[in-house]
Each structure stands twice: as C-alpha cells, then as structure tokens.
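Some structures to go through are shown next.
Two complexes are shown next, each including chain A; its partner changes from chain B in the first to chain C in the second.
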Partner chain A sequence: MATNRVMDITALPAEKEALKAPWRIDLFAALPWLKRLVRLRSFQFLAILPNLLLFYLFILAGLFGSPIGNRNIIIVFVWILWWFVLIAALVPFGSRVWCTMCPLPFFGDWVQRRALIKVRTGKTVGLRNQFFGLNKRWPKRLSNIWLQNFGFLFLATFSTLLVTRPIVSVVVLGGLIVLATVLALVYRLRAFCNYVCPISGFLSLFSMAATIELRSKDKDVCLKCRSKACTTGSEQGWACPWYVYMGKLDRNNYCGLCFECVKSCPNDNISLFLRPFCSDTRIKSYDESWKAFIMLVLAMAYSVTLLGPWGMLKDWANISEVGNWTGFLIYAGVTWFVALVGFPLLYAGSIWLGRKLSRTDAVTIKDLFIRYSYTLVPLGLLAWIAFSVPLVMVNGSYIVTVISDPLGWGWNLFGTAEWPWKPFYPEYTTPIQIVLLLIGLYYALKRGYEIALTLYHDERRAARSLIPTGALVVAVTLAFLRLYVG
Partner chain B sequence: MTKDFATLKPNEVVQLAIAVEEANARRFETFAGIVESYDPIVSRIFRELAEEERTHRELLERKYEEKFGQLTSDVEESEVKEVIEAVDMAHAEHFVFDDMTPLDALRVALNAEKAAHQFYSQVAATTSEPDWRQVYDELSTFEADHIRVLEERIKNLARAQRL
Partner chain C sequence: MKENLAVVSVLLILLGLPMAIFGYEKYHFLRSYPPGVKVFNVTAIAAGGIFTTERVAGYNYWWKQFQPAELVVNKGDEVVIRLTTPDVTHSFSLPRLGLGRVEVEPGHVREIRFRAEEAGEFNFWCDTICDMLHKFWCQPACHRIHQLMMGRLRVNGTPNPPPASIVERGRLNFLNLGCMRCHGPQGRGGIRNHNAKGGEVPALFKLADTIVNNRQEADRLLNLLQRGGPLDEREAWLREFFKIKKTIREGKNPLKEDPNGPEPPLAMPTWREKLSDKEIEELIAYIISLFPEEEWESWDEPIAKQRP
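Entry: the complex of A and B
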C-alpha cells in the first residue's frame, strides 16, 4: 500500500478508475542488493564524495581556468551536461536522487552531525540524535518555497552570465555551499534544502512526476509505531533531514532520498517503489502553484531567447556579451511580470471560467486554482526537457573536448581536446521535441481530468470545469511547438 | 506472527485496550517533543493528551481487575493485525511547513478516539457471545466518552480563537 487515497464507494466508474491505486513495484524486494546498498551507513557519503571532488575541480577551473565558457569545465559540465542529465533523466526517473548526491549541503551536514558516517544518539529539540549548532527553528513565515521561487527566478534572469562566465558560476555555486553551511549552523536540519536552495524548489515540484517514490510499505505499521524514528531518528539512522514523517508521506516533494529512514525504521517498513509517471498529483499551496507558473514561463522565455528567431530578444537577454542594460531590464521585467502576475492571471481566468462552466459552487476557487495547477507540472517538465534537448545535441561536443582540457589551458589529457564542434543528429531534434511536448500535454490533460473527478464526483461537471484550463494548456503547448517547429 | 482481533478472548481484548492507551500516550509524548520548540502550546496539548491516555489506561486497568482479576500484559498492540486506536499526524509535512495548530493536535486525538469507537462498535455488533459483546460495548462507551470530551475541547478552543 503506497498511497493514502481513499476509495469512495459512492464514486462513479470513471472516478473509481481515477482514484484506483496505481501499480507499484517494490524495488527493495525485487533488487535486494539495492536495499543493502542504501542501508550502508556510508551510502550517502560515498554518493556525495565524487560530486564533492568534481565540485572542487569545477571551482578551481572557474577561478583559474579559461574565462571562455565553452572552454571551461565548470560551464560545460554544470550547465550543459549536469543540467541535461538532471532534467531529462534524474528528475523524471529518479525523483530527487540528485539530492542524495548533492555536494551543496555536505559541509552543513558535517558541522551539524560532527560525523560523516556514524550516527550520534542523544537529544536535540525533540529528536533522538545529537546535533550541533544552534538548532533554531526556521521562521514560520518562510516555511514554504517562496524564497526558492524568487531565488530561481533571480538566477534564471541572469542565466546568460551564469552559463557564459565561469567566475559567475563560481560565485553562485560557492555562495550556495557557504550559505548551506551557515544555515546549518544556525537552523535545524536541512533548512537550506527545504526553504532556500533554488534548485531544490523545482526538484520539489517536478519530483511529483517521477517514476520512483520512497514510501512506507504498510501504513498501518507506521500507525502503530511508537517511536516515529523516521522523523525523530534512532541509533541506526539520523532524523529525517527534511523533517518529513514517512507514515503519511504521499508525495515526493520534500523527500530528499537520503534513505536515513530506511536505516532508522525499527519495523523495516520503508521501501523504494517504481510507479507510473505523474503519480503524485496534489499541489497543496499557492507557493507550489507559483513554482509551476515560474517554471513554465521560464521554459518559454528561454525557448524564445535561445531557440527563437528573434535576434533582438536574444541580445536583450544576453547581458554578458551585448551589454544592453535597457534591453536587459525590459527582458527581465517582462519575464518577472509574466511569471509572477501575467500568466497566473490568465490561469486564474481559466479557473474562474471553469468554475462557471461546472455550474456548481461545490468546489472553491482556491481549491480549483491550487489543484489544477498540477496540469502545468508534466507540461512544464517536458517543456524543460524539450528545451534542453537541442542544448546538449548542439553543444554536446564541448563535453568531449573539455574532458581533455578542463581548464582551457591547451592540455590534451585524453586526446580529445581537438574534437571538432559538431551537433549530434540535429535532424532529430525537432521530432524529439514534438514527442516530448505531446507527452507533457497528454499527462497534463489526463491527470487534470482525474483531479477534476476527485473534486466534482461528476464526470460532466469535472470535464466542463477543466475545459478552459485544458485549453490554456493546449495553447501553451502549441506556442512551444510553434517555437520549436518554426 | 500477528493475531486476528477476532481470536482474542474478552480479557485479552481489555489487555489490548490497555496496551493501546499506553502506546498512544507514548506517541503523544513523541509528538510533544518534536513540536516543543516550534509551538509550546501545541506541545503542551500533546502532553496533556498523553496524560489523558494514561488516565484512560488506569481506568481500564481497574475495570480489568474488577472483571478478570490480577492484570497480566499478555497482548501488545503490535501482536494484533488490526489498528484499534493509533494517534497520527494528519499529513507528512507538518514539520516542513510548521503548520501544526492546537486545533490540529486535538483533532489528531479525536480521530484516533473515533476510530477506536467505530472499531469496538463494529465488533460488538458482529459478535454472538453476550459476555464478549458486553466487553466491546463497555469499551465502545468508554471511547464515546473520550470523543465527547475532545469535541467539547475543540469547540471551546475554536470559539476562543474566533473571539
């Protein structure tokens, strides 16, 4: 049992179908070696270590290597290779598995735990592990993802600087690691990851679509558990760094896949499950809805400026090379306005109209607004993947050259430094993008209708309420297709 | 190997009910500890609820001794398949969003009491043994009293918050 959705015996056939618990495959049962691996106390340390070493190399390359972006490993590996692998593979198929191996909170965890591998038992603010630092409570007003929303929007606005100037990447990535460490000294657990990290924000949203989930095997076992060791910690594992309670976990958003709960659970009741794409469909609050708006609008803004035919817009966004500050401010202002106000207003209009069409007040505007924003999750994720495909297919050859010359100093470590720049199968780019967008649209409409059924318990009302939002989603998809197909 | 509730004898059912009250007291203490530095009021409510569970346990112990004699603890909650009464968080992300309110804390307790009341009522309705039915009915009434007390507290708290 890996879902807490309750079957309503009065539900309609279509609703029953929508509410039916989808299939799950227990990966720990199918692959016992995987369970043994994640139960190792050293598992997360070993997962982070290679990335930490790479991160150190990237920082050195950014500081001392070539200032030309495509000749420096920090730019090519982070903003082409890592980004593509993250958005096209790790998120859709591995949920927040990047968080398992992310080096950013490494030093913060270390200072909090004063241990790299072992567990310390003791008592800290209601938890059963000994933590160091001030262990302050994160401000209640900031216990949401608004900071992450603005942080990502800010970084995305200056992305041309980020992806072309190695030193800017050093400042941002180095700054994030320092910030994560300072916050770990002051606040309890992973305050940085939960509330501040701009990458974590979109991982949180898009992990809802992922085909894996970490959940309890039997919710009744969690109900009967007295220690709640997944949340509070034990001699075997640290308290959940993300502060979630596995007994009721029903979505991926705030599970960073550290697997501490697999170790700490006294009932061996936590497992990793394979599941259908887009299984978590419950957006819970406005900050999460706005994350969906921001991600979709940014995917569109990047597609317009980087892949579109409008040279002037490209120049406006490219502040690092063109230096047209007036143009850049117009570009940034329009992007922020559309992401934070314009598109949400358009979406709100579709919700208002949908509620009118449903001819009932049974569902509040707020519930509709928040729940239907899920339609933008599969569409947004697939749009980001579609946008990223040409980046790696066009610029992929830089990965091969930079491996031999990571600092751009003229080295030729593996004999590939002179590898000619050549796009990989450019003729397949557009068909791949079309297929990706249509998959996103399909899941947006399918899951949207399932959400509508759970809200209205009436097929006709559900369908009518979804028409305007569905039309908006179709229009956005057509806009992407127009950009990619030309 | 877990047992079916239906296989328990009346004295074992009461032993189980006693074990359940103690288990819930511990769960409330765990929750109280976690939220202590977040919201002292919610934490205090959880501690009060833990105390109430212990009072319920003592009441049941006295009933047991009146009815069956010397109390032995032969049946634990974990040995029985069914969940009779287990307090639990409303959702997994209370501590992420720091959104546990005093009313939520009381509702957590109310939901558990309601589940227990429903459970004992159902088994009372399906048993054919008069002695057993009497035990189930007593436990059901016992839980109904707790529900009334909690509903009153929730009503008072909600009213106080509105003022």
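Entry: the complex of A and C
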C-alpha cells in the first residue's frame, strides 16, 4: 500500500501510530470494471442524465403541481429522500460522488464546453481544451468557501419555507441552475461548484470523512510528469473542472469526482481508493473552520426547531404562515450569531485554554484553532445524519404516495397514491440517533488526538492541549443527546 | 455519433417530459369519464375563502386572486365535480339539490356525481368551521367581514314550476341560501356564537311561538301568505311577523352576554338586496311550519300571551 506521510523514526509510539499511513485499497485494481466504467467518455453524462430528468420533473411539479409539500414530489424527494441519501450514504461512503452526477452545473458545462461527451482540444487560458465564454479568473478574494458559508446559512434561515413549499424549492433549484450557467459563461471551469454552490460547501467539509478518495498512486510519477494533463486537460479528457493538481491532492475537499483526470492522465497514475472513515484530517484555513462551526450549529438549530417540543420556536421560524417578524428576526439573528460568532468564540476559548494547558508555545493559536476544528467534522456529519434519520423514518411513507401521484393531481400510477401516512419504526429513532452521535464523538476525539500528536510530538502535551476542545465536543454531543433522548 | 445521441436525449427530456405529464393528465382525465359527462375541477382555497375552477398550482397559489367558481350545465347533464384543496381540509355542501356534505382533504381528489334534473341557480359552500369563519357570511354592514366560501351551480333549462306551497318555497330558499349554516339544520340551532346572549345563534324551529299566539293564528297567517294578500302592519297580531321580516331584511347584531366582552363573531346579515319581500315571507312561512306538531297541541294560550 502506498504511504502518504514520512515516518519520523524518533517519533513516539503513539505518534507513530498516528502517523502511520491508513490502509487503502485500490478499487481500480480490485474492480477493473469500475475503472473501465469511469474511463468511458460518456460516464459522467450517463451519471447525470437520470438526475437531470428527475430534477426537471421536480421543477415542473413544483411549478404546476400541488402547493402541498407532502403531495408534491419536489418536496418529498428532494428534502426527505435525496437529502437523507446524500448525508447518510453518499457523503460518508462516496465523498463528493453527488457532484459526479449533479445536474445543477449541467447546462453550464454544456455551454462552456459546447459538448456533452466529446473533448475539444485547443488552448484556452493555459488549458489544453477549448472552452467558450469569457473565461475570466475567479476573483482571488472570493477564492474560498465564505460565499458558500453565507449562502448555506441564508438558505438554512428560510428552511421552513424551502422544505415545505414547492415553489420556493423551484426558485432555489432553478436559480442555482441559472446561476451555474451564467457563471460558466463568465468564469473558468466550475466556478459555481467551487465557490458558490451552497451544497458544495458542506460537501467539501464532510467529504473529508468519506471512505473513498481519488488520488495519484505514486506522487513521484506526478513529479516527473511534464504534461500535468490531470489539471490542464488533453485529447482524452477535459481540464479538471475544479482546477486540482493530482500530484498534490491530499484531501477530498475540492475533488468533484468527475474522473476526467483518470481519462487524461498519460501515466495511468490515478486511482480510486477505499480508506478508513475520517482519513482526511487537515483543515487548512479559517473558511473551512467556520464551515465546521456553521454546520454543527445548524444541525443543533434544526434539531431544536424542527424536532424539539418548543412550538414558539417553530412559529418564529415559520415566517410565511405565522408572520411573526419579530420572532423570526430573533430566530435568524440568534442562529447567525451563534454560528458565526458565539460558538467560534467558545471554541476559541477552548483552544486558548488548551494551549495554556500544553505549557508550550511551539504551536501557534492559529494552527491549533484551524487544525482542531476538524474535530467538529465527524461530529457535525453524524449530527446531521442523526437529525435526518427521523425525517425519513417519520415521513418516508410520503415517498410511496408521491411515486404514484408526483404532482398531487389525483393520479395513481402504481396504486399507492392513497397509502396512509405511517411512520417507519419510530420507536427506533432515538437509539439510532444515540449510536450515530456516539460514533461522531468517538471519531472527533480519536482524530483530534491524532492531530494533536502531529502538532506536539509529545503525548502528554498533545492530550492536555486537547482537553478543553474535547470537553466542548463532549458537551455538544451531550446537548444533542439531551435533545433527542429527553 | 455519441454526442448527437446525447444532445437528442437531453432534448427529449426537456421537451418530452412536460408533454408526457400534460399528455397523461389529459389521457387520465378522458379515460376516467365517459363522453358527454360534464366534469369540473373545483379547488377550495382557504386564504381567499373561495371555490375556484381555475388551475391552482405552485406557481400561482400564493399570489393570485382566484375567481369564484360558477359551474354551468344544462338540465339533464351528468355532472362530476372533482374537488381538491391545496391547503387545509374543506367540505362541499349543496343542500338544495341534496348533495354533500363531502369532506376534501389536502392532496386528495373527492368526486361528486349527479344528474342535473332541475334548472335554476343553486349555491354550494364549504361547511367546515375554520378560524376565518368562511362557513358563515356577514356583510360589511355588520362590521365583521367574513367571506363566505361559496360557489354557484347554474343549470340551464326550463325551470320547474315553483312549488305551489309557500312553505315548500320557503324551505327551498332556506336550503339554497344556507340559513342552516348559522341556524342549524331545519333551524334546530346549536351553532355557537361566542359572547352572544345564550351563547348560540338562535334556533328557528320554535320561532313560531314568537310570531303567533296559537295554532289558529299560525294557520291564518299561513293562509294569508299563501294567498299573497296584503298584510296590514298596523294589525297587532302581525306585529311580531313584521319584526321578524325586518330582521331578515335589515340584519341584526346579537345582544352581548357580557357587555364588556368581545363582539360575537356571528350576526344576522341583511338580505334586502338578495331577497324580495315575497321571498322573505316564504322563509317566515317555512319557519312557522318548523314548529313541532306536538307543541301546538300542548300550547297553553294564556302562557303564550305572556311571552314578550
């Protein structure tokens, strides 16, 4: 198995354990058909096509179908089924595999490449493919995920509208498609996916926990490669839409699994690997740290508002029906404040205290702040899964009814339109949530300690530095448990 | 070749999917009903308190002012009314033709099938009590504006001759105008009216003992009304009759149980623009006829004269 870290022979046993390369299984070697499949020129198109059909159906249903959420396929399939599958299966086990098949940038790619399957060779802004449009460089100042952070927060603030009103979902999804297309005409590659798409924002963070990765097999081969076709494209494949260089890629965050690099690599040096959960542990910048804060706080906010017993909070969030603007502004203001300021301050306090406890200044506060924020990634992901479980267990029967009557027009295509609403083993919801949260806590603390070891090279200092942040993570987990268990 | 296939498949989706959806809807619709049947899609909407035959969908539900439903058929037509609602549970009642009460839940389609055997104009309404009080109706004059959730069915053709009996004509009006929504079926009452004296909208079925003093006076009044002869307002025995007639024509606010409490939500609306004098008299005749037979027989005349 290839290693991806240099082992220090003077390292402590625990640190050696932490630094030891995690196991990886080369899936292309183990499953040759998989490699043949992703190397097909038409692979991504065929992956996107069914979702294009479905999302188009959703948009038509949202426009022309029933305004009732649970009788319209756009609400039931997007916010119950797709959301659950995404957060509970695709992300933890498939990284950004949703991006492989996402229809939102489809038309943008089409107008930018003027092709759906074939590759156009040429020269455009240093890339070896022909791209159309203005091909402007994305502004450097926005070359981060802050736009995505705020975009997701904004959508989350109006989530009661978004996940219950078909027309609002149409506006959002349709708006994202239009935006992606416009941005593709103005900027290079997939600027929308990289910097704007709110879904991409949290996918970038939580894909770090995923059990697969697309990586180069041998970094030395990449070093010697002159063409760098994985990034710049070739006759066999398009330039990486995410502008990633496989020779240096060591995280899942910004790899959209389009597999163009697999097609264009002249050295057949790229493969898909199976790996342990939460293998990527390096948060690199403040925008990513804040993404972790936002996602965790929103998981709590959603759980409190949508699953909690406080009717007043539901009314405050439900602005379009209740119309209590004061309450809504309190709800939105508190959520934004806690996500952007309150929780980060609390976290920063734990970092400061941890650094004090470590009794050394060898590691800067900034490094600690950024690196330890990874502990919130597994916890945040599992908290979101725990939140999503009751959504599908309680509302899953609506999936059966809308399959027969997707627009709420009184159809009965498969005879299931009149199936009564019935929760699916709701008595198991809480035990499942408990297990998920404990898994999240376990990985948060385990990976946190591993990170601490790589920073401090000293077991005791590492452990002491992590105590306050670990306590914070435990406290958050207990808060979730209290909410779910009662 | 693959590229062209790809483009074709995308275009097929973009053009074909809406065609498939609307095509299937038309096919499904046509298949469900034999030719010649008049089918109406009627949607009950809470926000506007309205029945409408206009398409109600995601793109217009939240902003459009929908037009109230007016269904037009010919006498003898087979009619199907397909009821839906995009928001809350409603109901459908058309008591004049004996249709309903049918409850309509969000996301479900409920059908009413009937044969239009009688020409005329018939009202239908939602019979479900909601916090907007759409079940009830009060004109602006009574300071509480409730929008009656109502639609109209018009059956073209030669109307049946009106019943000979004034009581029967009154009964049909009572049904068609929806008086029972406030006064209860057959005027039996039971509809709560918060802070009104007695706590309920008055029942009508014993109103006869206010209008007349005994069975003989009731019969005399009914005969006069049946003959259509002029009634003299100056006659003492007709005083209550004319009071009731004025109440129906002009409307009336109920007395408050607690003078400091809120205005009762329901009040008698004015009918002067909707009903002629004759029609009001027919209603009163029907009300008189509701008086229980056994109570006529046991009515003690001296007690009756003591009533206010």
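Assume the second predicted complex is superposed on the first by the 482 of 486 C-alpha atoms of A that agree within 3 Å, B and C clash if a C-alpha of one lies under 4 Å from a C-alpha of the other, contacts with A are read in each partner's own complex, and residues count from 1 in each chain.
Everything below uses one rule, namely that contacts are C-beta pairs under 8 Å (C-beta built on N, C-alpha and C of every residue); 3 or more make two chains touch, one makes a residue touch a chain.
Because the structure is predicted, anything quoted here is derived from the model rather than measured.
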Touched partner set for A:435, first chain B, second chain C, both or neither: neither
Which of chain B and chain C A:232 touches, first, second, both or neither: first
Partner chain in contact with A:246 - chain B first, chain C second, else both or neither: first
First, second, both or neither for A:223, with chain B first and chain C second: first
Which superposed partner A:67 touches (first chain B, second chain C, both, neither): second
First (chain B), second (chain C), both or neither touched by A:138: first
Chain B versus chain C as contact partner of A:411, first or second or both or neither: second
First, second, both or neither for A:186, with chain B first and chain C second: neither
Parts of chain A lying in touch with chain C, wherever the complex brings them together: 41-42, 45, 49, 52-53, 56-57, 60-68, 70-72, 115-118, 165-167, 170, 405, 407-411, 418
Parts of chain C lying in touch with chain A, wherever the complex brings them together: 2-3, 6-7, 9-10, 13-14, 17-18, 21, 24-25, 28, 56-59, 61-62, 82, 84, 86-87, 106-109
Residue ranges of chain B in contact with chain A within the complex: 23, 26-27, 30-38, 77-78, 83, 86, 88-99
Contacting residues of chain A [partner chain B, same complex]: 125-127, 135, 137-138, 140, 143-144, 194, 220, 222-224, 226-228, 231-232, 242-250, 253-254, 284-285
